[in-house]
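Heads up, the next two complexes both have subunit A, just with different partners, subunit B and then subunit C.
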Partner chain A sequence: MKELKAFFTKTPTGGIFLALILVCALFSSMTSRFLTPTNISVILNQVSVNAILAFGVTFVIIAGGIDLSLGSLVAVCGVVVALLSQNNEYSLWLAIIGTLIAGIALGALNGIIVVLTKVPPFIVTLGTMTIGRGVALILSKGRPISDLNESLNFLGNGDLFGIPIPILFLVLSYATCHILLTKTIFGRYVKAIGGNEMASYVAGVRVNRIKLYVYMISGLFAALAGILLTARINTGQPNAGLGFELDAIAAVIIGGTSTRGGKGTITGTLLGVLFIGVINNGLDLINVSAYWQQVIMGGIIILAVVLDGLYQKLKMNI
Partner chain B sequence: MAEQDCLLKIKGISLAFSGTPILKSVDLSLYQGEIHALVGENGAGKSSLFKCILGIISPSQGEIIFLNESLSGYSIRDILRKGISMIHQELMLIPELTVAENIFLGRETAHGKRMGLSEINQATTDLFREYDLDILVGAFVKDLSIAHQQIIEIMRSVSQKARLILMDEPTSSLTEKEVVFFRQLIFRLKSEGISIVFTSHKMDEVFDFSDKISVLRDGEMVGTFSKAEVDPMSLVQKMVGREMKDFYPKALSEVGQAIIRVNDLSCAPHFEHVNFTLHSGEVLGLSGLVGAGRSDIGQVLFGVKKKTSGTMQLKGQEYNPGNPSEALRAGLGYLGEDRKEMGIIPEMNITENMSLGLLDAYRKFLFIDQEKESLDAAEMQSRLSVHSAKEGQRIQNLSGGNQQKVLFGRILLNNPEVLILDEPTRGIDVMSKFEIYTLILALKKQGKAILLISSDLPELLAMSDRVIVISKGKQMAELSRDNASPEKVLEFSLH
Partner chain C sequence: MKLKYLLFACILFVCFSCGEKKSDKVIIGVSMLSMQNEFIQQVADALEKSAATSQVELIIVDAERSSLKQVEQVESFISQQVDAIILNPCEFEASSPAVDKAKKAGIPIVNVNSSTKSKPDAFVGSDDAESANMAMELIAKKLGGKGNIVMIQGYMGQAAQLDRERGAKIVLAKYPGLKLLATQTGEWDRAKSMALMENWIQSYGDQIQAVFAQNDEMGLGAVQALMDAKKKQQVYVVSVDGIKDAKKSVTQGNLDATIIQNAGQQGSEALRLALELVQKKPLKESNMLIPFEIFVK
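Take a look at the complex of A and B:
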């Protein structure tokens, strides 16, 4: 019991974990269709794209930045992978690797502009968000791209040992990002520059380099999300990913990462993603209309941050 | 003067922050239409005294009486309404508003009805005419010079019917010509019966402007003097004259070979044509007022700022660090002037703060060798006796002295040959100060070359083998330990 209390009060993600359990309990009591293996698999599959985006952007937010171009990068990369795998022109591996490189390059573009111009990342990525959407439309000539490689479809809809492939990607991405943030020099310096950029610079941290890397990571995971999305719907959609950046950022914030930078965890982001996913799924199951779902979701995001603030204060006094 | 003329009477004000006394039973009397200079070293308690008068902080003891009424219990706003206002060093104007809008900011409603733009402009025009000011009331404040902005602030106080105006180093950013105008303006205010208390580091202004001069030293009021009672020399002695010789541990050691040579180094607009040599086993002191350019010299040496001309040599080799990381690898260590801004990562713990920037030494494949990292940090923590309540404590919860020791630990982990220490003991307790002095001398004995930058004159003189005095970005003097007296250093600093 004591350990349990310590877990909820001492670990940074305890609060959101508690909230997630409460919503799950709430939905289970309202419908028997919620807590079934099939439905859990459905939830995980549904959240996988948002989770992968959110993991990447967690680094950016902890470093004190923001990346609003995510949704557009998803679209660009989704279109790129579709073009590369159309009519079996190139091998699937080439298409995937090419798309991931494109994502990293687009992220690097964000990073380079932020570092060189010192323009706030909010504005830089607002600009590249619009540019990206335009590029996706240009590349696709404004039309959906179909007739894709059969094996790409497998990535989106197939499974391995009974586990859907997107969920495997989710797990793999989680593990990679968690280790990157907690165990590596890079991860430590990401937190340091978010915590105090000037002090980190004076201490010898190559601040610009780290900033560039976080945007590249964000771009890489946007590319992965774009690939999975295109694979799932079996079409390259230039209008895909609209508003995805906001879902991802919401998950990061609900997961306890400070918007001012300096602290945050990948586990928190995962819990934030699941929290949003569970609420969407649960509301579907109890037949709440999609319009009302948006209203409820927005309210929950604000409530989550307010409660977290109170919770942090409470924790101080324990 | 008769008692009823006494505008402000401060009786036995005391103030302490976390056990450190800031003001010790300070008395001060001020009469109507008097210009009063408040002098003292940095950290003597001048700004704290101002804050007490304005009601920003309340003293633990004593009383402030303004117009025969105690101010205790009144809010900042109430005190402003009673007629006390302050001109801060950083001006508090809104750049995007006009002159007239700034003057009437927050007071657009007069006598219960709202003042329109034309009424505000008219009232400001009248006010400026009365004081012979030639400033457009419709101009945007952002387009005005600093001097004009300051005048706008003063006129705002006047229009608020201020009886007493406090000014924190009002002339520090004015040109000589602007100072002449400023002088006329404050004498005009004086003739209107407004009293002024101002701080200044410039002796000529102190003697030129003021009727009375009060000296604060270490939070104590040394006394209030008329101009006839003191001269600049004796005033400086009153400002610095304390005997704390035993407080500084003594260690004489052989000064070794030259490590750093600085030739004709400039970093516009902060400092120019600076020359010095720093030897191993030597503490070289850099003295000067805040903003004189001494911190910038340290920053250029460590690659935080870029030089604009001149050369630096490190052990005979051309040296020009592009960033702090390069300076670090060249064997320099740096402690920044402002611990919060340039030193600590508040959310991180002691270990993480110590190893910051040095993690390449703990690289194990892609990861941090956290075991070795904590071991080294723990060893450094006990060597520097950093006191923490529990393991893994965030640095923001440590005292200033312990935070500073952690930052020293960060420098020492890299085992540098040269240490640049900017205000190493600012705002820390006496015991930590003593520990840091002992540490500096131990490092000196090991043959480290140390550049010490400090506003604390007794500290600087006791610790340094030589002292270089910087004033307004220029190297004024180099004094040997035997030649460096507080009076001399201050005289060159104020030059």
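Take a look at the complex of A and C:
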């Protein structure tokens, strides 16, 4: 009991965890189909793409930046992996590694522009978002790319030891990002420059280099998300990933990462992603009309963040 | 001094107006709904192909789903003094000013694929309600007029979504044995519709006997979800448009049927009508409906 109380009061993610449990309880009281092992697996499978994107961009947001180009990066990388694995021209591994490198390079482009020009990242990534969408359309000639390598389809829809592969990617990405943020010097530097950039610079942190790295991480995970999405729907779609950046950023903020940078956790982001995923799934299960789904979704997100704020205040007084 | 500038400006103006000689070739301005949509692109391809054979110069622009942008594009066509305009309207009401402006300027305008509130000189397209009607009839026949259906809707509020919904509802009313278990939007998107179908498989399990998706992309998403859940054999899936991927999926025996909307014919007929209007020939029909075809294995 003491540990439980400590979890809720000490960890910054306690609020959103509570909200998640609340909506789960609500949905399972409304339909018996919600809390079943297969539905939980379906939810995890569906959130995997958004989760992977959100993990990557958590670093950028903690470092005090923002990345709006995520959705377009997903489209570009999704198209690239589709082109590389079309008609079995190259081996799957080559296609995947090539795409991941492309993602890192595009992320680096964001980082380099942000660092060199000092233009606010909001504007820089808004620009690269539009460029990326155009590049995806140019590469694919505006059409979906099909006839992909069979083993790519397996990545998106197959399973290993009974666990769907996207969920394995989700777990692996979570572990990697969590360790990177909490157990390494790099992670500490990311929080430091997000908290106070000038002070970090004076203390000898290579601010520009760290900033470049966080955008590269964001690009890498966007590429991974693009590969998974293409694998899941078995086609490379140039208009895929529209609005994904907003879902990912929303998950990060719901998960307690400060929009001003400096603090945040990967666990919080995971909870934020699950929160959005559970609501999407639950509203479909109880068959809420499409018009109302959007209203309810927006309302619940605002409510969750407001409640989290109140909860944090309350916690200070305990 | 001022007079000198004014004179200079006048001379410049005259020079430019002289320079703008009209070529002998017929020029037609085309504003398309969205070049990111495969079906619309097929219409544009057909327009280009028949323009090449009939010595017409086309200026094709992409309205990117914005009717405001579309109206502006038509305004610039008018100031460029094109010989005719082909419009693929973004919206029924909001794209209407484009038609009004062209008519006021005396430039013939042909609507292709979807309609506007203001009546153009000619229209070429297909009745969206009819395609949904045909798809639902296929499902009704397959299920013997009795069974459970789910419907995946397009982007809510768009003309194609509303019309296809109306067509489907007509058939549903005809067969009281058909039950619409659930409807939800997949926003014309394959990934979204796949997630939706996964959720429905969870909530309705084996109750679902047929799926009607309001476009092929979403039909293919539903098929993928059903195949992953190993339920495709029990569920009959029909969608509308006849894009390349969908036809292939039908031949492979995955998607059960698609209703082909003939993009090629819509494009070539639109161009033919526009040319006839330019040449001031009397039109045999100003409202041309291209019939749909059912594509099954």
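List of remarks:
In the analysis below, the second predicted complex is superposed on the first by the 318 of 318 C-alpha atoms of A that agree within 3 Å, B and C clash if a C-alpha of one lies under 4 Å from a C-alpha of the other, contacts with A are read in each partner's own complex, and residues count from 1 in each chain.
Just so it is clear, a contact is a pair of C-beta atoms (placed from the backbone, for glycine too) under 8 Å apart; a residue touches a chain by one contact, two chains touch by 3 or more.
Because the structure is a prediction, the values reported are computed rather than measured.
Superposition note: with subunit A as the common reference, subunit B and subunit C can be accommodated side by side.
More residues of subunit A are touched by C (comparison of subunit B with subunit C). In the superposed three-chain arrangement, the CA centre of subunit A forms the vertex of an angle with the CA centres of subunit B and subunit C, and that angle is 120 degrees when rounded to a multiple of 10.
Once the two complexes are overlaid on the shared chain, A:48 sits clear of subunit B and of subunit C alike. By the touch criterion defined above, A:269 reaches neither subunit B nor subunit C. Of the two partner chains placed around the shared chain by superposition, neither subunit B nor subunit C is touched by A:85. Legend: residue contacts after superposition of the two complexes on their common chain; A:185 is shown touching subunit B, with no touch to subunit C. After overlaying the two complexes on the shared chain, residue contacts for A:280 are found with subunit C alone; subunit B is out of touch. In the superposition on chain A, contact of A:201 is made with subunit B only, not with subunit C. Least inter-chain distance for subunit B and subunit C in the combined superposition, rounded to the nearest angstrom, is 27, based on C-alpha atoms. Overlap of the subunit B and subunit C interfaces on subunit A comprises no residues.
The residues of subunit C lying in touch with subunit A in their complex are 35-36, 38, 41, 153, 156, 182-185, 189-191, 194-196, 198-203, 205, 217, 220-221, 224, 227-228, 244-245, 248. Residues 183-185, 188-189, 191-192, 195-196, 198-206, 262-263 of subunit A are the ones touching subunit B in the complex.
Of all residues in subunit B, only 302, 304, 323-325, 327-329, 334, 336, 341-348, 352, 356-360, 362-363, 366-368, 370, 410 touch subunit A in the complex they form. Looking at the complex, you find that subunit A touches subunit C at residues 31, 33, 36, 38-39, 42, 45-46, 137, 142-144, 146, 157, 229, 232-235, 237-240, 280-281, 284-287, 289-291, 293.
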